Amino acid sequence: MVNRGLYVGRFQPFHKGHLGAVQNALQFVDELIVVIGSAQYSHNNHNPFTAGERLVMIQRAVLEAGLDSGKLWIVPVPDVHLHMLWVSAVEGYTPKFNIVFSNEPLTRRLFMEASYQVRDIPFFDRKIYMSTLVRKKMVQDDNWMELVPKSIAEFIGEIDGVNRVKALALTDKIS
Amino acid sequence: MVNRGLYVGRFQPFHKGHLGAVQNALQFVDELIVVIGSAQYSHNNHNPFTAGERLVMIQRAVLEAGLDSGKLWIVPVPDVHLHMLWVSAVEGYTPKFNIVFSNEPLTRRLFMEASYQVRDIPFFDRKIYMSTLVRKKMVQDDNWMELVPKSIAEFIGEIDGVNRVKALALTDKIS
Amino acid sequence: MVNRGLYVGRFQPFHKGHLGAVQNALQFVDELIVVIGSAQYSHNNHNPFTAGERLVMIQRAVLEAGLDSGKLWIVPVPDVHLHMLWVSAVEGYTPKFNIVFSNEPLTRRLFMEASYQVRDIPFFDRKIYMSTLVRKKMVQDDNWMELVPKSIAEFIGEIDGVNRVKALALTDKIS
Amino acid sequence: MVNRGLYVGRFQPFHKGHLGAVQNALQFVDELIVVIGSAQYSHNNHNPFTAGERLVMIQRAVLEAGLDSGKLWIVPVPDVHLHMLWVSAVEGYTPKFNIVFSNEPLTRRLFMEASYQVRDIPFFDRKIYMSTLVRKKMVQDDNWMELVPKSIAEFIGEIDGVNRVKALALTDKIS
Amino acid sequence: MVNRGLYVGRFQPFHKGHLGAVQNALQFVDELIVVIGSAQYSHNNHNPFTAGERLVMIQRAVLEAGLDSGKLWIVPVPDVHLHMLWVSAVEGYTPKFNIVFSNEPLTRRLFMEASYQVRDIPFFDRKIYMSTLVRKKMVQDDNWMELVPKSIAEFIGEIDGVNRVKALALTDKIS
Amino acid sequence: MVNRGLYVGRFQPFHKGHLGAVQNALQFVDELIVVIGSAQYSHNNHNPFTAGERLVMIQRAVLEAGLDSGKLWIVPVPDVHLHMLWVSAVEGYTPKFNIVFSNEPLTRRLFMEASYQVRDIPFFDRKIYMSTLVRKKMVQDDNWMELVPKSIAEFIGEIDGVNRVKALALTDKIS
C-alpha cells in the first residue's frame, strides 16, 4: 500500500515556505497530494490568482527545485464553505491518502475529527501570513520576489500579476 | 386554531438567556417553534457547533428545565443569505405560526414587512453577544459554564467542544 | 451509550409503509432519527409538500399511532446533490447514530462506504413507488386516503394538498 | 395607486403568442411587468438564448408592435429552484404588482397561495409548447419564422441562433 | 452598428453622482446599459434595497431628469461571487456592448483583461463611498435627501426605507 | 509560445476511446490539458466515480500507455451549470490554451463563440455513449473490461466500482 500524504494551501502565491513544506513532507511519504484550496476564487483580495495560474506556479516551482513530479499530485479543490463537509469534499477530489501535513489549527482539527493522522510541518511559519506578506510587498513595490521561487516571479511578471494585486487593493467590489 | 409562536436563534451555544426566552414565549402561545438558524454551518468562528449538536443541546436543556416538549417544535433551518427570501424559507421549514418573538432588529423588520405580529422578549439581553461571550470565555478558560444549562455544559464536554472553539479562534481558514 | 438508528425518506407524503418502517426500526434501537430528506424542496412533482408540512404529518402520525415521541428525532435535512458529501451532511444535521435502516440501494451503499452498519427494513415495499402511487391516486381522484394514516389524510385536506398535487401534475415549470 | 400586472415567461424565444398575451394584459392594467424567467440559463435545450438576448427580442417586438414602452417593465429574474421561495424572489426583483396573468397551473397556484389575484390569458395556447415548437421547427429547417414577430426572426439571424439551437439538439452535455 | 456602453453600480441608493455618470456616459454612446449589480441582495447593510426597488428609483430619476429612456437599458444582474466569471455573467444578462464606463479599479481590470475598452467617468467621486454616506446620514437623521434626486427621496419615503436602513444598522444577523 | 490544447470529458470511466483521443491530440500540440468535467459529482448514474478516482484512472492509463506525462495537465473542473459561464470557468481552472479538441456539438459551439480554434477528433465515436456502454456492461456482467485500459480495470476492481455502478442502477435517489 502506497504511503500518501496531503498538503493543503491556497498558494496566493506559492512561495518558498510552501516549497519547503512540500520538500519536508516528501521525506515521510511515497507520494504527496498538493491541494490548491479555494480553487474557484480569483481576482479578490485574498485570492488574486486563478486555480489555473496557481497550477502553473506550482508546476514551475517543482521543476525549478528538481523535485520528482511523479511523486506529486497537484489538485485544485473548490471551497464548499460548510466545514462539516470539507473533509469529504477533499476526499472526493483526491486519491486516497493516510496522513495530513498541516500547521493550520482548523485544518488539523477537521482531519483529526475525521480520524486522520495529522503531522506538524517543522520550521514553517504559518502560511497565510506569508502569502499576505508577498501581496503586501507587491502593493508597496517592496521586494516580494525574494520570497518566491525565481520561476514564479517570472510567471507573475508574464501575467501582469502585480498590477492585478494592486487593483484589488483599491477595489470597492465585495468579494 | 392553535396559537403558535416562532423563536429564531443560532444557539452557538444555547445558553440560559435562550432558555429564559423560550420559557417567556410559552406563556403567550400554545406551541412554540424554535428555529435553529444558519443550520448548515459549523466549525467556523460564529458557528462552532453543528445543527445536530445544537439540536441535542436544546433537547437536553428542555428536559433539564422540565418544559413540556409536546409544545415545542425544534427545527433546523439553513440560511439562504438572501434576506428577501428568508421569511419564505422559514415558512417552508416550519408548521404555520402567527406570532414571532424577537428582539433582533432585522428579524423584527423582516417579519413585520411580511405582516406578522412581532413581540419583544422581556428581560433578555441581545442574544448574539451572549453566545459570543460564552465562546470568548471558552477561549480564555474563563467560567463559561455558569452561562449555560448544566446539561449543555456536560454535552459540550462530551464532544470536546471547548477545544474546537479554541482551534477556531486561531484559524486562518476563511469561513 | 445510547443505541441510535437513522431512517431517511422524503415522505411526499408520509404513508403507512413509512410508519411501519419506523415501528420496525424502534424494535432495534433506543432512539430513532427520522430524516426528512430533500427538505428544501416543495411544490414540485416529486416533492409537493414543504418540510414544515411533512414535519406536521409525521408528528400527527406518531401521535395517532401512540409511539413514544421521546424516542424520535424528526429532522429536516436539505439535499446537497453531491452524493460524496451527503453522509457528512446528514451527520452534521443529526445527533450521532450507529445504525442505518434502509432498503434503498444507494443510501445503503453510501452509508456502507462510510463504515456504518446498515439494516434491511422487512416487509417494506420500496418507498418512492408508494409515495408516487399516493400522488398518482390523488391526481386521479382514486382512493389515496387508505394508504396514509387518518390524521395525515385530514391534514392534507386542511392545506388543500390534493389540488396542489393536481396543479403540479399539469405544470410546465421546470423544477 | 397604479394598477400593475405581472406576466412571467421564459421566452425561448419570444413569439406571437407571448406578444398577444402582453397586448391582452395591457387592457386590464396601467403597467405590466414582463418577467424573463430562468434568466441565468442559456445554451441548453430548454433555454438556448441568454437573458440579454431575450431582453433585446422583447424590446424589438414591443417597438415593432407599437406598444407604449413606458407602460412596460422588462425584468430578468433568475430561477431559485425552490418553489416555496419563488414568489418572494419575483417580488424582490420587480416593482410592486397586484395582479398576475398566467395560464400555467403551478404559477397560478403559487401566486394564489401568496394571496395574489390571478387572471386567465384568453385565446392563448400554453406557452411552453409553442416555444418548444419554434425550436423544433428550427432544428427541422421548418418555417419557424411565421411564429415570431419579424424583428425577432431578424435578431435570431444576427446572432446565428438557429445553429445554436441545432447544436443543442445534438449535445451530450448535461444541462 | 450601435455604439453601446455599460455602466455598473449597486445603487444603494441611486444618487446624484450616479445620475451625473449616466448623463456623462450618454454623451459618448448611442445607448447605455445600466447594470443593477448584486441584484439578489437586499435587507443587508451594504444592500438595503431590493433590485425591484432600485429599478423603480432609476426609472423615476430618469423621468425626473428628462433623459431619453429609449436610450437606456436598466438590467438587474445577480452577483456570482467568482470574479473570473463575472464579465461572462454580465455579458449573459445584457445586450452586446463595446465600451465600459467605470472608475472602480477591479471593474476596470476585469473588463480590460476581457479586452473591452474602458473609460473613466470624469468628476465622479468613487460611488460606494457616496452611497455609504447616504445610508450613514439616514441612520443619523442627517440631510441625506440633498444627495439623491427628489423623486428618489419620495420613493424611499413611500417604502419606509429610512427605518429599514436604521434596523439594518443595529442588526446582529450575518449577511 | 507553447502550443497548448484542451480536451474535456467526464471519463465515467476513462476508456480506450478517450486514450486514443489524447494520443491523437498530442500529435498537434506541445502540451495537452485533460479536463475532468463535472468534477464535483460522483455516486450518481451519469457520474459513478469521484474526481479523485478519475484522476487516478487517467494517471494509470497514461503510465500504461507510456505517454510523456510531462506534456499533460490533468485538471478536475466542477460544472457551473450555466453554459454562458462555462468557458470562463474552464479558463479559470487551467493554464492558457489555444486549441480545443472536441466532437461534442455544444462544447464545440461554446468554444467557437468564445473565438477558440476547435478541431475534430478523428476515428473517435462520441464519448458519452461509450462510457454509457461501459457502465451498462458493468450492470449486465458483460465484458466491460475490454473497453478500458488494463490498469483501469484493475483500479475499478480495487475500489469495488462495479458494485457501486450496480447500486446506482437500482436507486430511487434523485441526483
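Going in written order, the chains are labelled A, B, C, D, E and F, and every chain counts its residues from 1.
Everything that follows uses one rule, which is that contacts are C-beta pairs under 8 Å (C-beta built on N, C-alpha and C of every residue); 3 or more make two chains touch, one makes a residue touch a chain.
As the structure is a computational prediction, the values presented were derived from the model and not from experiment.
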{"item": "Most remote chain, CA-based centroid, reference being subunit D", "value": "A"}
{"item": "Chain pair with the higher count of C-beta pairs in contact (B-C, A-C)", "value": "B-C"}
{"item": "Repeat of the C-F interface, chosen from C-D, A-C or B-C (over half of contact pairs identical by residue number)", "value": "C-D"}
{"item": "Gap in Å, rounded to a whole number, between the CA centres of subunit E and subunit B", "value": "36"}
{"item": "Whole-Å separation of chain centres (CA-atom averages), subunit E against subunit F", "value": "42"}
{"item": "Computed distance of Cα centres, subunit F from subunit A, in Å", "value": "26"}
{"item": "Contacts with two or more other chains, residues of subunit C listed in rising order", "value": "40, 42, 50, 82, 84, 91-92"}
{"item": "Interchain contacts (touch definition) - all pairs", "value": "A-B, A-C, A-E, A-F, B-C, B-D, B-E, C-D, C-F, D-E, D-F, E-F"}
{"item": "Subunit D-touching residues of subunit E, taken from the complex the two chains share", "value": "39-40, 42, 50-52, 55-56, 59, 69-70, 73, 75-76, 78, 91-96"}
{"item": "Residues of subunit D touching subunit F in the complex", "value": "40-44, 50, 163-164, 166-168, 170-175"}
{"item": "Footprint of subunit D on subunit F - complex, ascending", "value": "38, 46, 79, 81-84, 104-110, 126-129"}
{"item": "Residues of subunit E that touch subunit F when the two form their complex", "value": "80, 82, 84-85, 87-89, 91-92"}
